[in-house]
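In the two complexes that follow, chain A is the common piece, with chain B as its partner first and chain C second.
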Partner chain A sequence: MNYLLQQIINALGYGGVIALLAAGYTMTFGIINLVNFAYGEVFMLGAFAAYFCINIWNLPFWLVFLIGIAASIVVGFVIERTTFKPVRGADMVTLFITGLGASIVVRNLAVMIFDDRLKSFSLPDFLKGLHSLGDILLFNKTIAIVLVTLVIGLVLIYLVKKTKIGIAMRSISYNAQMSKCLGMNSEKVIIITFIISSSLAGIAAYLQGILFGSIQASMGFTAVVYAFIASVMGGVGNIVGAMVMGYFLAIGGNLFIAFLPPDLVGLKSLFVWGVFFLILIFRPSGLFRANIK
Partner chain B sequence: MPSLPLLEMNNVVAGYGKIDIVNNISIRVNEGEIVTLLGANGMGKTTTIKTILSQTNIRKGEIKYKGKIITRFPTYKIAMLGISYCPERREIFANLTTKENLQAGAYLLKTHKEFKENLDRVYALFPVLKKRQNQISESLSGGEQEMLAIARSLMSNPNLLLLDEPSLGLAPKLVELIAITLREINDSGVSILLIEQNAKLALELSNYGYLMRKGKIAIEGPCKELKNNEGIKDVYLGIATHQKED
Partner chain C sequence: MKNPKVIYSLVKYIVGAASVILILFVLDTYLSGFWHLLFLLFGINIILAISLNITNAWIGFFSIGHGGIMLAAAYVTAFLTLPPSFKNGIINLHLPSFILNTQFPFLPALLIGALFGTIIGVILVLPALRLRSFYFVTGTLGFNIIMMTIAENIPKITNGPMGLRQFPDYTNIWWVWGVAILLIYLGLKLKKSYIGRAFIVIGKDPDLAAHMGINLLKYKTYAFALSSFFTSIGGILWVHLILNLFPKAFGLGFVFNVVAMIVIGGMGSISGAVMGAAIITCFTEVLAPVEEGFSVLGLSFPPFLGLTTVLLGIFLIVILITRPQGIMGEKEIKLDFLKRFLKERIKLGRTG
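Here is the complex of A and B:
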């Protein structure tokens, strides 16, 4: 029993990372029907910006955190303007291939420039250490990640449900043409959505760095696949659904390998893909609803 | 009544892609008036309204609002000038609740106080919307959705309401309610450009009417005259015989 509980607790940190990425992913998925694989690169470059701040300039953690977010926003914005703006309104497949292309170009450039070895990412002092409850271990960094995820989740729910910009995002995601007739500047709202989504990638990047203690140039790919699956499972555009599913994938993946013989640990991703195929077969429209909720 | 032109379309040619659907039309809506566009399906009425909103390809002509040229303005800027749109088939945001749809309609309002006032006003016009305010709008009946669409288009304090087929598919009792409401809206100072299949209703409500045929204005005149116009009776044969029985 404790073994199971420990496995779940171990997954909470990575669950938080995936939950944040899934929330950011599902927002742009919902508002302009964008299956954005380049989102993984927004995440990766945010992590590298943070890495340089730590290892070259030795900046304090909060500044590292903010610069990581800012870098992700800049990267997300540049990708949006150069890659997705020219194909706005195109069908989903075109958008998908455009995003995939941008992702491949950026990721491989990063691998060329930074190489793909693991780069160590240091943890701020106050997050070092752990608590033990009986024989269960709980790391301080895990607590921090869960808290950050929770707070951001609440902020996002408030933003989308209660604010003017949130109403506009949801209206545009359902019917952009009608929204314009109500005076909404849809381009502006789309850019704001990208900024929020990219900043979530920047936050997730920093959290992944402190969680694993390392980053690498190809890290975006796995992350974006998890985020994509969580957002489809949560119902496209459904932020709460995406976040819950992010945790579900991380915890489920850990429990799955917990029951496998140790030499089959490499099959962890089988869980994610297995769940994904089951969902696509039985509930192709996603577990909840479509459009931004 | 002094009639200042609020909206003018002068010799407008517009359509989708390379195909022109409205061909050289001129229309005028004066301040305080209800003006109706009549005509059978596919004659270019909806395209005319979408042209005002810059949602078509405008090839020739000009559109003026309060004397200022607004041809090919971005749609959201046209809305900002005080032109509001209630589309055919409602196009409410089915993923939002009733109240959230009204919040979307109030996007251009600056203060929460204004929003509250307008909310109370449309709830007074359509009390059923208040009852349904926290319901997902997808679950509303057809009539309630039409009321919601009209209410949404009023939330922004428009000067001009472009109203496309408000009675489409509604029960006679509801059509009557919508008609009364349109009168009230107009009395409160909102000018209306109305597309309506129900020509009898449209002619009774409106001050001035245009009959469209194949993308052109075939007949125009004050509604009192149009009611007796043989051309209108030709087009709406059913209504014409009905009127004779009256």
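Here is the complex of A and C:
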């Protein structure tokens, strides 16, 4: 029982990272039907910006955090303007290939420039250390990540439900044509959505760095696959659903390999894809209600 | 044999086949080294591009999971064609002894591998029944990753991430271009036949196709079987050219190249696929030395690993933005003018 609980607690940190990514992913997915595989690269470059701030300029952690977010926003914005804007309105497969192409270009550039070795990412002092509750170990960084995720989740829900921009986003996701007819500046709303989702990627990138203590130029792909599957399972455009499913995928993946024999640990990705196929075959609209709610 | 039309078509086929064999013979004798490799890769890319074209363009199910099919077929063939000394040399390879101690000739091994690949490929029809557009694309991506993960994690059968080596050098111009030309011919014929047109209608509008009495399940299965059969052959030939096989060989990068071929050449066009294969092959092979670092005029450049992939991706995005239908669209290069020219010559000869 303790073993089980420990596995679940271990997964909470990664669950937070995936939940944030899935929330950001599902926003652009819901609003312009974009399967944005380049989102993983936004995430990865945010992590690299934070890495350089720590290792070259020795900046304090809050500044590193903010610069990571700013870098993600810039990267996300540039990718949106240069690749997705010109193909907007094309069919979904074209959008998919464009996103995949952009992702492969940016990832290979990053591997070329920064190489693909693990880069160590230092933890701020106040997050070091751990608590022990009986046999169960609880790291301070895990607690911090879960708290950050919860706060951001609440902020996002407030943003989408109560503010003007949130209402605009929801209306575009329900019916883009009608919102345009009613005089909404849909281009502006799309840009703001991209900025919000990129900043979520930046936050997730910093959290990933402090969680694993290392980052890698090719880490974006796994993360974006998790985020995509979580957003499909949570219902496209549903932020709460995506975040819950992000946690579910991380915890489920950990439990899956916890009960496998040790020489089959590499099969972890089978769990995610297995769940994905099951969901798509039995509940194609996701477990929660679709559209930004 | 009295009918002039029969004689005309017979002559056409004999002349065509003879000239193809002659050209291949000349190329086989005179090409060597880099150019020989380039020509072989070009042929393999044609096979892969046309077979991907059947599912992705004609029947409208955009698959990026053909790497998984190639991987399965290549491993099955590898067990049959690897020399027994190599198979017995790996200690943790637990295969039945009759496989360990035999070495098949290429043709049966190729056919068994391709048949196995076809069976794996038909599995992809299952998601194609329920999933549409990018859900299917992501599903095939998952299929590719699953196949790769399985191959990595059963070292008793596949030797794990270490991979297999010491393949016999079976791939030559005759195998590659024989299959490639057969496939080009088959593709062009298929496009005008009932089956091919049924494929294209399913791609354009599945509901309309169902209303016209086309059995969707049957034709989807046909398309996936045909596509995965030839994709498997392409993958097997590639492995016997590169001479090693490891689980990540047919990853997303490999499939992305093939996707780029058909998108650049034009989705749904055989001649477009051939053109795309030519462009991408030249592109990747010419830039390969740049990737490994070079020096010009005393300046030495560091290696740019992954440069071709980056440039290829940029090229693909530019094509998708400026000319989404590709070079050829859905059209083919017609040889009608040649036919008309010949007919006029024959008529002139008869009258004059």
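Observations
Assume the second predicted complex is superposed on the first by the 293 of 293 C-alpha atoms of A that agree within 3 Å, B and C clash if a C-alpha of one lies under 4 Å from a C-alpha of the other, contacts with A are read in each partner's own complex, and residues count from 1 in each chain.
Please note the rule applied: contacts are C-beta pairs under 8 Å (C-beta built on N, C-alpha and C of every residue); 3 or more make two chains touch, one makes a residue touch a chain.
Owing to the predicted nature of the structure, the values given are computational and were not obtained by experimental measurement.
Set against each other, chain B and chain C differ in how many residues of chain A they touch, and the higher count belongs to C. When the two structures are aligned on the shared chain, A:212 is found in touch with neither chain B nor chain C. Judged by the touch definition given at the top, the superposed model places A:183 against chain B, while chain C stays out of reach.
Of the two partner chains, neither chain B nor chain C is touched by A:77.
When the two complexes are overlaid on their common chain A, residue A:52 makes contact with neither chain B nor chain C.
Look at A:271: by the touch rule set out above, it reaches neither chain B nor chain C. Within the superposed three-chain model, A:167 lies in touch with chain B and out of touch with chain C [touch as defined at top]. Interface of chain A with chain C (complex): residues 35, 83, 86-87, 90-98, 100-102, 104-105, 108-109, 111-112, 225, 228, 232, 263-264, 266-267, 269-270, 273, 276-277, 280-281, 284.
On the chain B side of its complex with chain A, the touching residues are 53, 55, 74-76, 79-80, 84-85, 87, 91, 93-96, 100, 103-105, 107-108, 152, 156. Those residues of chain C lying in contact with chain A across their complex are 62, 64, 127, 130-131, 133-135, 137-139, 141-142, 145-146, 149-150, 152-153, 252-253, 256, 259, 263, 304-307, 309-310, 313-314, 316-317, 320-321, 324. Touching chain B in their complex are the following residues of chain A: 164, 167-168, 170-171, 173-175, 177-186, 237, 289-293.
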